[in-house]
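Chains here go by letter, A, B and C, matching the order in which they are written, and residues are numbered from 1 within each.
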Amino acid sequence: MQKEGLNMVEVKGVSKVFNAGRPNEMTALEDVSFAVGEGELVILKGPSGSGKSTLLSLIAALQKPTRGEVVVASEPVSRFSEDFAALYRRRKIGFVFQKFNLIPSLSVYENIITPLLPEKLDEEALKERAQRVMETFAIAHKANEPARNLSGGEQQRTAIARALVNDPPIILADEPTANLDADLSHAFLSYVGQMKEEGKTVIIATHDPLFFDLAITDREIALRNGKMEGA
Amino acid sequence: MTLLSPEVIAVLMLDGILFFFASLAFLLSLRIVLRWDERATTPLQYTLQKQAYLVATVIAFIFYLKLPLFLFFIYTLDLLSNILPGAMCAAGVTTATVYGMPLFGLKIANLYLFGLWLAAHRIDMGYPTMPYTRVKFLAYLLIFPLFVVEEALELLHFFGINPHVIVSCCGTLFSAAKSSAVSAFVSLPLPVTLGTFYGLFGLAVWAWRKQRPLLSALANLLFVPVAILSLIAFFSTYVYEMPHHHCPFCLLQADYRFVGYLMYAFLFFGTFFGMAAWLAKRMGYEGWRKWLLFSVIGDFLYVALVSYYPIAFYLKNGVWL
Amino acid sequence: MKNLFAFALGSLLRRGAKNLFIFVIFFLMVFVLASVFMVTHALKKEMFTTLSALPQITVQRIVAGRQTQIGVERAERIARILGVSQALPRVWGFYYFPRAGVNYSIVGLESFGQQYRADLQKAADLYVEKLAAEDVMIVGPGVKKSLAEHFYPESFLFVKPDGSLKKVRIAGVFKPQTVLESNDLILMENSLVREIFGMDESMATDIVVRVPNKEEIPTVARKIREIYPDTRVITREDLRISYQNVFDYKSGIFLALFIVAVFTFFIILYDKASGLSSEEKREIGILKALGWKIGDIMRVKFFEAAVISLTAYLLAVTAAVAYVFMAQAPLLKHLFTGFSVLKPPFALPFTVDVGTLALIFFVTVPVYIAATLIPSWKAATLDADEVIR
């Protein structure tokens, strides 16, 4: 089902070993390879501990692979220095974390603009960009509310708005529905559809069956004990 | 210790802090130089990458503290001139021990070196893989001993000052009659002095027009001592409006509205970027053209400021000193 | 950069309690340091004003290691030394008044003669007729006050060395240029002073010498020593340097002690800053995952430290100016001047110079920022991947 043209994300023979050479050595990923085309939706599935989160953090260049390489938009992000990795995340990646990871003492607006703060933007530009995503995800009315006072659904929408505020081409989501009830999980699904329509490349790591065999999904990759199933 | 002035204690304490950080940076740099492997994904490499940030931060801290501290150091010497018999300004205190003059030279050189290191670091951080990491930290390993020597000279100087020995004042130190390198320059014919001074400035401007950073670096490197010596030999006398008062320190006193601080700031700014532009070009950084421009601006401001005094004097009085 | 600065400010406020603690302690330290330095600086200035009124050279005669009276004829010999424009014998001394428990300084004036100090000359010119005609004195404001308190509003009875009494009327109150030295001053005619102290006509307390060319002072001093080997020759420059040294020594010792305190504080602080709460750790992880560089986080930490230390510094220095110059440094002033009864009523002259402010700055702000360097690096290099599991 892979589209023609540019591969957005390429994972090439990636292995990740923690505590290499020590008694507690642990292989999180072993020789994983796949490619995700631009605008595709890919579901990474597998039980917890199968290496999904590690794979996401490698794609986000939060960690470096022990072997292999991650290439995003033709750039070897796994070889980037810390600074360039950060820059790459800021410009290319929107992150939706498990449990949302909002900063509780900051307001909705302040949470949403955090990815933009290191950029040289004036207050007007910040407001304009935040307003756009807040309206898209119907959270603008709570702009000045501290995140700790939000309901689950509001937290979810704030987290998604924050992931999209820098208009990244790639969205990574880590167990996005793990703490949500059925209604909110379905709501998230509809947001994913929205993102795909906008041409974003979306990779979701989940073990929630809700995401299995969806019509909009381009591909499912199953991980078990750090290896790709069927590989 | 005979000179227990609060200013001296403050300078020594800050030196202690700087020394602690510089040594920390040295040890970490040593490890980075020996063990750095940008391809490796070992925990050691991660640790080294993180420590590289610490080293850079520490060096930035040292540089940005050294800049104002240098001015405070001169101010302290100026204060000490009140208790040293014979001294009228920092010049006398500097020559109170044999370490004073080398200390001064080394302090200035180290400011340039730390500054250039930071410039190189900034450029290196602009590349995804930081290709100059090893070279950079190797360079720091070479700068560190100079820093240690500076600190040692400073201790020797402060503890070596004997308040009962009469020192010279700037009037005799920089007079043509004395036989030192400085005096030799002071006694050079004026056309030679000024020719070298304005000639080097012209060369720096030409290097900018032709976009030749190596030439600019060389011109600016020479411009530092020539500018200071010609300031002593010629320009300072017009600031003081006294033909025999040659001194690079009295300029910093309130009597002359602290104009010296402005002069030295311009000179440092201009010559620093003149050298940094060459380094930037060598490291493939596009910003070097901008830095070259900064250099010419700084040099020009310096030349304009020091030239103002004799010209204004001539226009007012119709004669030269 | 502006945005990061705003974020740092917000972050300081969000963790108000922890930062307030640091702020208060830092404020107090700067305040104490600034107050001490401002008081010493003001006292030093007061002292130097006094000093500049002193004669360039003072000649005393020493017998058996003690100062004693000097023959007035020596003044004439000294006046003939090349470079000396004037040599005047002075008659002065201390008079102890047991009931008030104080010492007055009695200084003699030569009626119709030249004085060695401009202010004394002025006083002499003003009261010359009276001083010459009758037994009167001009007193400093402190003397006037203490005499009045002991029921001598108009005149005073001096006890001469032989036990007989000498009545002297108060003719006026002396308005000096600096109060520190002149508060306890009594001015009289030379012969009256000699009578009260029981001194011979041909003797004086010491001889003061004026040398117009500053450069010649050391030479003149040396010549006097050669002519009169039994004298001690003190130049104003010697006094100035020894005063300066005493002050530097005092405040130097203080600073040395202070630095010990500063370091103790910063070690505690370092410890506090190093131990990040799990909430802070998570926040840094989130920021890094969202694309903040290590440098961005360190910048925020630096801004936080800079804002705390600079505002505390500015406020503490302002508070110290108010405490020292407006409130006249209660408690602290006596620490430096002692509890002498007649000395108190003098004001600390307002002097705040850039150098003192820079000194206070350098021993506090960079030290604080240095103490936060390593903790903020540790915080900024925390692993971010922990937030995505």
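Everything below uses one rule, namely that a residue touches a chain if its C-beta (ideal position, glycine included) is under 8 Å from a C-beta of that chain, and two chains touch if they have at least 3 such contacts.
Values in this document were obtained by computation on a predicted structure and should not be read as measured data.
Relative to the centroid of all protein Cα atoms, the closest per-chain Cα centroid is that of B. Annotation: A-C is the more contact-rich of the chain pairs A-B and A-C, by number of C-beta pairs in contact. The centroid of the Cα atoms in subunit B and the matching centroid in subunit C are 35 Å apart.
Each chain gets one centre point, the mean of its Cα atoms, and the points for subunit A and subunit B are 50 Å apart.
Centroids built from CA atoms put subunit C at 66 Å from subunit A. Within subunit A, the positions touching two or more other chains are listed as 82-83. Counting partners per residue, subunit C has 294-295 as the residues that reach two or more other chains.
In subunit B, the residues that touch at least two other chains are 50, 53, 125. Taken together, the subunit B residues at the contact with subunit C in this complex read 3-11, 13-14, 17, 21, 50, 53-54, 57-58, 61, 65, 68-69, 72, 75, 79, 82-83, 85, 125, 163.
Those residues of subunit A that touch subunit C in the complex are listed here as 53, 56-57, 60, 62-63, 82-83, 86-91, 93, 95, 97-98, 101, 103-106, 110, 114-121, 126, 162, 166, 174.
For subunit C in complex with subunit B, the residues that touch the partner chain are 37, 237, 241, 244-245, 248-249, 251-256, 259, 294-295, 298, 355, 358-359, 362-363, 366-367, 369-370, 373-374, 377, 380-381. Chain contact summary for the complex, subunit C toward subunit A: residues 1, 3-4, 7, 10, 14, 279, 282-283, 286-296, 384-385, 387-389. Every residue of subunit A that touches subunit B in the complex is listed here, in rising order: 20, 64-67, 75, 79-84.
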